[in-house]
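Order as written gives the chain letters A, B, C and D; numbering starts at 1 within each chain.
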Amino acid sequence: MLLEKYLTTRKHTETLCNPLEIEDYVPQAVEFASPPRWHLAHVTWFFEELILKQYLHEYVEFHPGFNFLFNSYYRNAGERAIRSQRGIFTRPTVELVYEYRKHVDAHMKKLLSSPISDNVEYLVTLGVNHEQQHQELLITDLKYVLGLNPLFPPYDTDRNLVADKNTTDGWISIAEGLYEIGHKSDSFCYDNELGSHKVFLQDYQIASSLVTNGDYIEFMEDGGYDNFNYWLDEGWTWLSSNKINSPLYWHKVSGEWHYYTLAGLKPVDKEAMLAHVSYYEANAFAHWKNLRLPTEFEWEAACQQFDWGKRWEWTSSAYQAYPGFSIGEGAVGEYNGKFMVNQMVLRGASVATAKDHGRHTYRNFFHPQMQWQFSGLRLAK
Amino acid sequence: MLLEKYLTTRKHTETLCNPLEIEDYVPQAVEFASPPRWHLAHVTWFFEELILKQYLHEYVEFHPGFNFLFNSYYRNAGERAIRSQRGIFTRPTVELVYEYRKHVDAHMKKLLSSPISDNVEYLVTLGVNHEQQHQELLITDLKYVLGLNPLFPPYDTDRNLVADKNTTDGWISIAEGLYEIGHKSDSFCYDNELGSHKVFLQDYQIASSLVTNGDYIEFMEDGGYDNFNYWLDEGWTWLSSNKINSPLYWHKVSGEWHYYTLAGLKPVDKEAMLAHVSYYEANAFAHWKNLRLPTEFEWEAACQQFDWGKRWEWTSSAYQAYPGFSIGEGAVGEYNGKFMVNQMVLRGASVATAKDHGRHTYRNFFHPQMQWQFSGLRLAK
Amino acid sequence: MLLEKYLTTRKHTETLCNPLEIEDYVPQAVEFASPPRWHLAHVTWFFEELILKQYLHEYVEFHPGFNFLFNSYYRNAGERAIRSQRGIFTRPTVELVYEYRKHVDAHMKKLLSSPISDNVEYLVTLGVNHEQQHQELLITDLKYVLGLNPLFPPYDTDRNLVADKNTTDGWISIAEGLYEIGHKSDSFCYDNELGSHKVFLQDYQIASSLVTNGDYIEFMEDGGYDNFNYWLDEGWTWLSSNKINSPLYWHKVSGEWHYYTLAGLKPVDKEAMLAHVSYYEANAFAHWKNLRLPTEFEWEAACQQFDWGKRWEWTSSAYQAYPGFSIGEGAVGEYNGKFMVNQMVLRGASVATAKDHGRHTYRNFFHPQMQWQFSGLRLAK
Amino acid sequence: MLLEKYLTTRKHTETLCNPLEIEDYVPQAVEFASPPRWHLAHVTWFFEELILKQYLHEYVEFHPGFNFLFNSYYRNAGERAIRSQRGIFTRPTVELVYEYRKHVDAHMKKLLSSPISDNVEYLVTLGVNHEQQHQELLITDLKYVLGLNPLFPPYDTDRNLVADKNTTDGWISIAEGLYEIGHKSDSFCYDNELGSHKVFLQDYQIASSLVTNGDYIEFMEDGGYDNFNYWLDEGWTWLSSNKINSPLYWHKVSGEWHYYTLAGLKPVDKEAMLAHVSYYEANAFAHWKNLRLPTEFEWEAACQQFDWGKRWEWTSSAYQAYPGFSIGEGAVGEYNGKFMVNQMVLRGASVATAKDHGRHTYRNFFHPQMQWQFSGLRLAK
């Protein structure tokens, strides 16, 4: 069953690439967004480097240069290419990367056809979840590189990934008290969700539905991007020095707001959920409304009572360790803990998240200026 | 009595400047550390701009160019000089700045000799506290500019501001439960301390004493600055690109660690409390010890049981709003709220803090790479 | 005959691309080195924008977005993509760019099948020469992107473009006197070669042969990169901040110098001509030898007496206008004149230069830090 | 007589500082403009380091830290403070720097009271000329720091250093032929003027008078700063990224152009000579006029026939070595030669130049974007 999960996940990654031309696999438009070729190879490297090389007897690595090229940030796994250079290497060819995938898949099948230790099972599960994360990144990074192309090429004209508005409006009231936070069941989760613990929350209310494009246009038309009083100081600096005046991918065409979707450039749908805003924008919008963002604990304590899963939702919580958190040994320990500074937590999941990958304790995190995710917001008070 | 407090505070600022030469008042070595002339004028501007101009009948501003020059970051108070340029203006002369102080003091005396409204009382109290904060900054900024001078000129050979080690060692145990956090009494506090509220804490232990220079030298000698596993990812980048391999002001002279103190360059006192480390360093040290930093709530809940007040102590808490926090109107509202992102909380007070300025609910905050404060650390587990 | 020349040149560009994979066409490793896809399209854009759109009746542009994407720096031809972004666009596909070439070729054939004006003849000739320049750039830019790939992929294992040493050694003496400089015949040349004029030269001697890799290794082994006295001040800064300690593409492998050639990584051939040095390096080498580089006038006055054409040769002349130089109107006028500051002249031609493209009055020019051309040096005294 | 010259020069430097407040001596507004305190000390260091320490028996250096602090760029004289940090050191005090001057003067008197070698005579003469250069820099650097102060403090209300227009207009014609260029007499000159040599010039005409502020305003009002066709490519980039739209120190006040002069902010005098333009601006202005700048050789061959000496005049010549130029040994050899790249030659002298310091063979040189000198232009055709 783990093998099946492995194979399904691996196949799904390749299915996502079906609409691509060879050229789409290569460029890296910006340091934080990697090209599809790199994602395809990096997730494969994870299985090769952390599992096959350690646990499959007599495994021979596919190519001696790949560890250097496709390690992302694991310092314990040796030297690696600079992150900003993932798009400047013309080789290996895309074809060779697909061969690499086949080679690793064949050996993983071999490994998983015999009984495996708990540790290997954990690592394979981690690898599968890791690949699912990269499926999401593959889509969001691809949107970034296509979206800044002045030709606005569609990825797939049938998949715009626009999300309709929630059908329920209004506020959910939560009473003051102690709430249990964090992952408890035996199923897989990341180390940063562990350490189930109590948090005391004051009375609060949280919105049933997410902010829509139409809501946000009101903020924009009310001068939201021109009034520093709505903004965090670093947000205002970010906005000023990058000349930001709308969510990412928005363009005014003949007086009307349009946005690049994965199906091409389209008029903004006012009823659809807002996406591609930074924490600074989410926070400024809430401030303009005289409301606020929920903390990640408020979100988790209330999430059974509202729909979620189409947008990553910015919370007001900085990304920090739960009580009792500890960092594992070696490369696996570098997964989450070392990023616990200067980032904000997002909760939920998005239209680009792999189907069985989201869960209500999942903690995503990004720097406050990042807009390229399908990130929206839900208000609280 | 408010007048007396006002006058004492104003006088103390000038007393701190007694040992200075005119030249010491002018340069700004780095964007975050302002010159004494600027501090002297800026705290005065606060009283002039936010109080005298609004509430003293027929008050005439001292100089039409000073609002531009001595506003720090209050956007609601109009255009202001770029922060990095506080040291490039040769004028006004230091003498003129002292006249400015006299002028404002005379008018403040006049204002405070008649009955004043609650609002004015609040603003004057805020101004006094603001000036006390700048007394601390004046000392720390001055240390910075003197400390990077290759001549290592002393500020005052009788005041090194080195702090002896705490006399008590060991761990204080705190039981799991709900603790009241935040400012409650009627006395003055900043808006970021308000909103007294309950926080649930797990069982924890917190050290009676602060880490010493000797403790930290053990970390350094064990290769602490060479092993990325101890460091947050952004901390490692910071250390690598700035070639950091010791606390600020430390120099190895003939094989022995020395540090610049306000009394000049001295051998490091191993028994004294560590200072001038960044959050990254504090965190790495704790990691190396297999321990951690306390949260700001753990600190506040335990602080009656240990000595504090000589070092600002890094906590593991990001600087965020307390429940119910709201930002005031106008320039005064810009005091704290707009900085609530990407900064870490420090608790306590330091040898450079004005005597009646510290309190156990006080929340100081800096970016994680800042070393120039008298910042140390206390361990928790 | 112009048509034939046009077609031969166009075909040669595509022949150069024969060994490429699709992936090789896309990335831009550094701002100054453009990807093959861009070169293929840009030279085509030149014919379309400056000739077909103006002079072929009812010509319809191939694609409305291509003027923006493939204009290089001609401000008179409208807005254009930022130079550093030539490698971040995944589309148009390489296939579409080849179609673009076919489309323009078909229309150019049509235009050139009827009698054309002198102006159009001039522009077509300019366009052909422009494409030849880009053939050279295509090879040098490709070498750059392949050469920094840690896999060192060969472009063509049969074409390393290493150039053997000149067979003649020794010094050529030229007597003081007036020499005629600049282009005189009716054949094509760039505007910057025009204005044939007299220059007075003192007695001088110029080397028959170019500096070899072996010569340069002596300089390196004598500490050439460690002694600031050999270097121009800005050269020393360049070397220090970029950690340069060898010509471009050189790597020490097991104690022996190797270099990336278009046929892959090879041991450095000490008998071969040095290439890929900057002006700073050329100048420092000459200084170390107690000799100097020739001026571009000395080079031109002597060039009949030595072999040249395999390396662009750095001269000591800054790139400036000849007497009587004037800048043409419109986009064509932007070809050369606006670059006449902060660049140095190179004379000769290289192994990558199109066969009938070099001539003895040709003035190439680059910023002094550029190493990526097949640039070498000849000494003078 | 050399002693007298020495003493007069030294005294004049101090006279220039008479109008200064202590605060004026300290700040460095920008890397290229040093503070008066630094100039006062650096010229003194030159005498101490290169003469007294070598040639005065038993001379003891004034302060062990001064070689580090006041060496400018002489790598052969040891480690030195980073150029950008000349304004961040609060000490030594200005008073101590004046003592340093007295100390060195006393010892120089001693040295010069006995017979000295030719070499020492040369070095003293060089030191005197060096100090005269720094007198000019002291004034121009001081203007820079005062001129960007929003209070526009005057240096001396009686010395505005505005230069009246030349009284003679019209063109001087020079016939084609060989002209002798470079320094010939026995009097002092810099090494870059040596190597008297013949240059062949074509027929040309050069203007009798310099461009005035009024002329330049015409260019500005004709959209000179908005039309890229007038500009070198790097000039246009410079102008765009620095938002330049006038000469340095110009401000539009109530619709009229004003400029900061050393006597304070004044309306621009249209009859006065233009100053504070970069090479890019000078070149663009000439281009707009359909004229050009003269080469440095044209300037030198014609200069007997026009008035000069109030503005440094940009020429179209890059700063390069004369035939036969060679770099001296040691620190003195670093004076000129190592800057021969990326700079343009200015000829003449300015209102800020020491009286007997200018000569018609003098070659000043700056990077093309520099505006802070009293730099103007003379047209040629």
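In this text, contacts are C-beta pairs under 8 Å (C-beta built on N, C-alpha and C of every residue); 3 or more make two chains touch, one makes a residue touch a chain.
Note that the structure is predicted; figures quoted are calculated from it, not measured.
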Farthest chain (mean CA position) relative to subunit D: A
Where subunit B and subunit D are represented by their mean Cα positions, the distance between them in whole Å: 44
Between subunit B and subunit C, centroid-to-centroid distance (C-alpha), Å: 57
Inter-centroid spacing, subunit B versus subunit A (mean Cα positions, whole Å): 37
Sites on subunit C at which at least two other chains make contact: none
Touching chain combinations (by label order): A-B, A-C, B-D, C-D
Subunit C-facing residues of subunit D, complex: 73, 75-76, 178, 197-200, 202, 228-229, 231-235, 279-280, 287, 292, 316-318, 320-321, 323-324, 327, 333, 338-342, 344, 368
Complex contacts: residues of subunit C adjacent to subunit A: 21-29, 37, 65, 68-69, 81, 87-94, 145-146, 148-151, 153
